[in-house]
Amino acid sequence: MISPSEMRKRITETPPLVHNMTNVVVTNFTANGLYALGAKPVMANAIEEVAEMAGHADALSLNIGTLTSEQIEAMLTAGKAANKAGTPVIFDPVGVGATSFRDQTAKRLLAELDVDVIRGNEGEIARLAGIAVTVRGVDSEEPVENAEEAAIQTARTFSALTVMTGETDIVTDGETIVYINNGHALQSSVTGTGCLLSSVIGAFAARGEQLFDAACAAVSYYGCAAEKAAADKTIGPGTFQVRFLDELALISDDDLSRLCDISERKQVQQS
Amino acid sequence: MISPSEMRKRITETPPLVHNMTNVVVTNFTANGLYALGAKPVMANAIEEVAEMAGHADALSLNIGTLTSEQIEAMLTAGKAANKAGTPVIFDPVGVGATSFRDQTAKRLLAELDVDVIRGNEGEIARLAGIAVTVRGVDSEEPVENAEEAAIQTARTFSALTVMTGETDIVTDGETIVYINNGHALQSSVTGTGCLLSSVIGAFAARGEQLFDAACAAVSYYGCAAEKAAADKTIGPGTFQVRFLDELALISDDDLSRLCDISERKQVQQS
Amino acid sequence: MISPSEMRKRITETPPLVHNMTNVVVTNFTANGLYALGAKPVMANAIEEVAEMAGHADALSLNIGTLTSEQIEAMLTAGKAANKAGTPVIFDPVGVGATSFRDQTAKRLLAELDVDVIRGNEGEIARLAGIAVTVRGVDSEEPVENAEEAAIQTARTFSALTVMTGETDIVTDGETIVYINNGHALQSSVTGTGCLLSSVIGAFAARGEQLFDAACAAVSYYGCAAEKAAADKTIGPGTFQVRFLDELALISDDDLSRLCDISERKQVQQS
């Protein structure tokens, strides 16, 4: 499996362009996170230009955190252009389950587009898997039982690599599974840490990298940067956000080797 | 009166969900501020989903800082759902008086919705009270004379608890009044400190807290966090913003007790 | 030529109001940067109010970074109001060349409005000059040959002061040219540093200042603040962004004098 350090090196050498169609809360943090990593962000939402922009990009990140009917049409247009160009499409189903509009939109995007990666929290992934979870805002009310099975189910149903983030992060294609134990509790006090990760997976998956490995490396890299940031000059959630951007840029290969905690890839139990 | 510490404890124990329909400048800061406090933010503006989202939320915060005609309709829809559910509605009339569109929108929202709390600066509150003030951008050109009377008038006219922020913050229901002397000058160098306070009042007012006490506690808590942040590791407005988010999360009960400066609640003079 | 210190003094004494119609990625950073400088930002995009808002403002900054068809119409409305009032209009052609929608929009805005200042990077300015550059996202793929000529050509074609930022920044009206060697490499790791500079030029150009001098002072002031921030308590791009806002507010007159590197104004070669 390719290491986080090696992936970062490739990104810095030939920065991938990530086209983000994301929510209005996290645009700035997403752009700054991608720049910090050495990638290049672009944002474009107008239906007049998204196909052209997505066609030139190396990855397309779709996020329904503050969706509108215009944005959905534009996402479909951009997604189809990305599919045609063979560009990886990452889907972040923010708050799916909170409203029927989000449920329907997620279904429609997943039905009409070839989504390569789905990245969500436990409540969101469980909802996509068809499990009855109560979502208020962007989180499930209760811890999700059998979250791992939900991730596997989601991966199978939508033929998409599924990244479910939580205390332990899971990456699964429905047949094999990897557990990643990186990250820090302060991430849940900063808005957009999940959203930015989805775009970072896009940056790692760009340029024809093997998708499963790229996603694991991205998730671990991201979590290591969070651990490093939390350990040094961070006081609370404000300074953490800032220091995290620093470490996305600066974390050393030595720190990555030392902190990186990715499990073996193993077969999932047939259910 | 319930203390800021006690209010924070309740929020941390059962985090209220605050639905924010706010301007595009302050979305990120608002979400991060609510997370720092221990509350849960959600943003949703699409008319297709706002009623459902507001119906699930514990408070609804409406802010016209970058309003559009679509957003006004969605705010009315969300506001009616919140009213029906008995959920507190906070209204932040950003820049009212700067354009007739803002004047008309503020009037319409206040006429068609039961607004529980209005939070604004002196120029905005005076404008709502029908006083001829010249507003350029989001501030009044000149200091407002008789600002206190304007706040009382606004509270009476709209039957809404009115929070007017400035050097001394005022909370009034039109019959009684409280003065709060917390906060720091650097707040006026950071965009969205007023907007975030409106949402923080929402978080404090959620869950059926007594509204007057909750608003006073919120305003004081917020100002104490600003004072603490300004006093420690802040260099200028950039570091202040970051440190302020830290202190919204971390300020100790001791610091809150020491800094909190809320006056007695007194009857207003009949005019 | 008026010094950056003197310009800052005038801004602090009578803060100009800058109306920003900008992209959703940089709204917060733009507002905070203007506040840090001592100016007053306002954002308004609704066609119902932009003429009134622009008519009251001291400068109007137009930025097409996440343009929509509604925003274009509103920019035209605001721009005409600014033109009528004699208010300086700054245009930032973010990502022009990346899509035909951006190309057409830039052309239309420049044709229908009297734009006073154009601020862009080398790829964007070259594209406006009609040079065939390949733009992916918001940057040109390759370094632009003859960038200086492109800036001169753009200034002449659109009768607009042209500010082209890069390692050396260029200010030209098509007849004379100035080179400014301030700034820091970390600026390119933070989204919106170009966009904010466009609005800062607006703040410096407000109130009838001589445009060429004001733009040179703005570009140098901005670069000096970046150098100062990078030299002190900055770790990476996260802390740099924050410290940069500090220094926009706090950089001393002594530091400005010491760091300011603006060339003589010289005649351009006739081509």
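Just so it is clear, A, B and C label the chains in written order, and each chain counts residues from 1 on its own.
The rule is short, and it goes like this: contacts are C-beta pairs under 8 Å (C-beta built on N, C-alpha and C of every residue); 3 or more make two chains touch, one makes a residue touch a chain.
Keep in mind the model is a prediction, meaning the values are calculated, not measured.
> Tell me the angle, as a multiple of 5 degrees, of the rotation that maps subunit A onto subunit C over the C-alpha atoms.
Between subunit A and subunit C, the superposition angle is 120 degrees.
> Specify, for the interface formed by the sequence copies subunit A and subunit B, whether it is same or different in terms of residue numbers shared by both sides, with half as the dividing line.
different
> Could you work out how far the Cα centre of subunit A sits from that of subunit B, in whole Å?
Between these chains, centre-to-centre, one finds 33 Å.
> Please output the residue numbers of subunit A that touch at least 2 other chains, ranges allowed.
In subunit A, the residues touching two or more other chains are 24, 28, 241-242.
> Write out the stretch or stretches of subunit B touching subunit C in their complex.
Subunit B residues touching subunit C: 23-26, 28-29, 65-69, 95, 98-102, 136-139, 188-192, 235-239, 241-242.
> Could you please specify the touching residues of subunit A with respect to subunit C in the complex?
17, 19, 24, 27-28, 31-32, 35-36, 40-46, 48-49, 52-53, 56-57, 70, 233, 241-247, 249-250
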